[in-house]
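Down below is the structure, laid out as structure tokens.
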């Protein structure tokens, strides 16, 4: 018993898990203080969030749907970070992936079993090019990837907006593209849902009908597979060995005969593919089309937070993505439920990240408590 | 002391009960989903919320809003409000067209309404649509601009090139040409509804090209346009709301699109049991759905305003049909 | 013997214990330093010397025991308290802001201000100039740090402690980064300091320097106090065996061996340094099988660039390097390692030689991870990787014997053993060893030298680059002296005369 407790204490004090949990708790505490100052009852607000996440099967389904793209952009950022690169460009790679998936889903006619993989593959490849470009610019000209990916984000945004103005692709006057073929969709029962039989089913079955009200799709399965793929590449393959070596110490990697420049490009290509897949699945599973963007939607930027909260690991990104999805979806419910601004949720998330970035502080708090106890 | 407070509390409760009791048998609840602009966009989301607030004050309905941060939020936000049991749920902006339709089909007993979007024959029975003839107020401010320009050059800044925004553009251009056939109109789109810096850059560029009045139909981008006018000492023309308060000496007039009136109107009809589902209601000069800002008289000479009034009468009477598309505009100027 | 005032105990550390969790870094250590005394603290890497000094300097709190300064009990809670009580520390890695001037660095955090908070730089400059003169430090207060040599930077660090009123100076491995000339200068400075009544504690594992400069020496082994001796009364061998805990041999044992075939040929090689200045400037050299060729020279005469060019880490501007008549200049490091059989023990082992975060097993395959020995197709074969690691750990006595331990958890000596194990396991034809014993203790040095001689005895060619002339003379069969990017002379190690080589290293003719 004592041994077990010692072990737990060790994991908690030294490992990243305890740090993350404490940071999350502190994030909510700070959020509560902000709510109090703004004149809202934090308990009521947090209850509204919990109700907004757990009170209906549909809500939980939505949390998963919100989490899906964030997990994948999180993986994208985490993969790059593990290899020593800071991919701010997941946002742009997401946009490119979404655009190409929408095009492939609309223009190409194939049976479903082929169409879905073709769309994902094309989207991931295009986003790979987008990410790889930043890698190439760094390898060839020494331009820091943070700068180049920020630029590429804007280029992606405007490229996507421009594509919607094309007569053959954009539905004139709506600011949206045409919807993709049904064979390219990965959501479940999407068409059947709005037939009379579907509406009847939804109205007569409480649990499944409720879940079907949300755009349930298989994206989450892809996200979990990708998390595994990331873990496998990094930890089990020679490529992963190279990339990690370069990430940890490029000088030693060069000394050992690893081509550092090639590794930088490869890493950005893979990172881009992850973000592109996120964009593709968002189109194929949820939106079925792309729309003109008035501003960055933040999938890639949220991915940075997901990656940090998830300690840059595959499995960590999955859990952090779900947490983030829940905060994003459930958190917005305090707006109509208690009238509090949703910005509070952003403050909570920001605080969590701030605390995670300050492991020393958390350890001090933990150890101080330990001393007393 | 304690006794006193108890008595006071009881009294207060009684008073509230008495006050609230007889006014309405049923308290209606109305909510709206904003588009990505958010509720404080100085533009039509805010205007819609003002309509709600007026409904709260005058009709005693309970109101709430929910902001969308991205495209994918529309559907879940609709779902959330549907679950919360509101009597009427608004979608602010045509971007929400699909989301409202899908939710409305699955929840046929719930009433919805949407701004700036019409489904034509496919309008679900439980959805009311409010659309505007934005070209009409644009035409009027265009006329004012054409009359008042000293350089024979005016500008137009659009948000994103949607047909909705083009209604502003061509209405405005037609007004300018009617007032002053020699006047040139510079026109540019910012490809954004939020990027104020870009609006400022575009407006500055237009002023440098010697335009002296710039009209914008671009949401948050317009903040930059108005700022540029203020810095350069030129004229800007506001949109949607009376934007004179943003720069009292530089906002000449505003093409008002009374989203607040439309929202209030439909909420009132709903509380009276006369909800108009399954169709689109057109708001224009005839039903005070659009117009020019009341502050126009500050800077626009009375003579010109009189001419504008005459134009309003003609439009209402059908003698003038204001162009809303490029095709109609080309026919109009011929 | 310095002028020691035995009546004045400047530092007393009594039964100091410092524990990190279950690990006892210092176990009842006693240390007394008098006024005007130079006291050496000797021990292997990881013996607990630096921990003890960090306790004195206030960076760590002792678990047990007492510290007295000038007879007064003192609880040194942080370095500020230490500084106030006249303790100054010069770390092994300098803590200077490179683009700042000497004065700016010295007054950093301790600025004297004029009216309105303006820094009185003039006053500080003159004070620093006076201090510099008094102790013979020869530092220009207006010079910018990045323009100074390593030795001068160290003197700036010493000045910094003096400026803050230090009476007791702790020097952590002060000679590790210095050239032989600079070491001599440092010895002079230390004498100047003690003459003025300062007490000095030197952390080191270089026996020669202890003999040269210290009055007393305290030896620590595995956290325990072994002995405190008067330096004049003991030999270097005595000190070494106390430190390591067994007899140590300084003489590198090697039998004469006939020179084999030529394997490496360097012709008119020119290599530029990072600033674009030719650091290797028309260098010619031949290396034969079965010999250790030592390159002697003062740091900064092109050694680093030469090695980097030979290993593919830096492009050669012109000239050639041929292995078995095949050109290797400007090939990638991978090709040079895999196809031309060159192994390389790098000069900066932490920057080039290992990856801190990788475990021992992963570090041991840095060059061969993609070969059939450790991978199947795209995937790594962890069974073989860890079996390989266990074998090498056993064979090369890497401690702790845990292949899953991250490299950063190893001591410097064991890190070096790990690198040597990897490079030797490659079974190279040529082994380039750059400063292979830098920062290592006597026991580890002995080990490294043996490994090099082993390679030579197996008929491999070994190129040894070292700034320690003793080492070059001791280990090599032939000695090439490098000066300003050229080989200025080649001498048979049997006939080597330290003075003659020293002269050549300084640019004089033999």
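Should a chain be cited, it is by its letter among A, B and C, assigned in written order, with residues numbered from 1 in that chain.
Definition applied: a residue touches a chain if its C-beta (ideal position, glycine included) is under 8 Å from a C-beta of that chain, and two chains touch if they have at least 3 such contacts.
Owing to the predicted nature of the structure, the values given are computational and were not obtained by experimental measurement.
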What's the contact topology between the chains, one of line, ring, star, complete, other? line
Chain closest to the middle [Cα centroid of all protein chains]: A
If you average the Cα atoms of chain A and of chain B to get two centres, how far apart are those centres in Å? 35
Approximate Å spacing (C-alpha centroids) for the pair chain A, chain C: 47
Report, in whole Å, the distance between the mean C-alpha point of chain B and the mean C-alpha point of chain C. 74
In the complex, chain B residues that touch chain A: 31, 36-37, 64-67, 69-73, 75-77, 79-81, 83-84, 94-95, 97, 102, 105-106, 108, 159-163, 191-195
How about chain A: which of its residues touch chain C in the complex? 236-242, 244-245, 248-249, 251-259
Report the residues of chain A in contact with chain B in the complex, numbered from low to high. 52, 56, 58, 62, 65-66, 158, 161, 165, 172-175, 193-194, 199, 202-203, 213-215, 282, 286-287, 291-295, 297-299, 328-329, 332-333, 335-337, 339, 342
Can you name the residues of chain C that touch chain A in the complex? 311, 313, 332-338, 344, 346, 351-358, 362, 365-367, 369-370, 375, 378-380
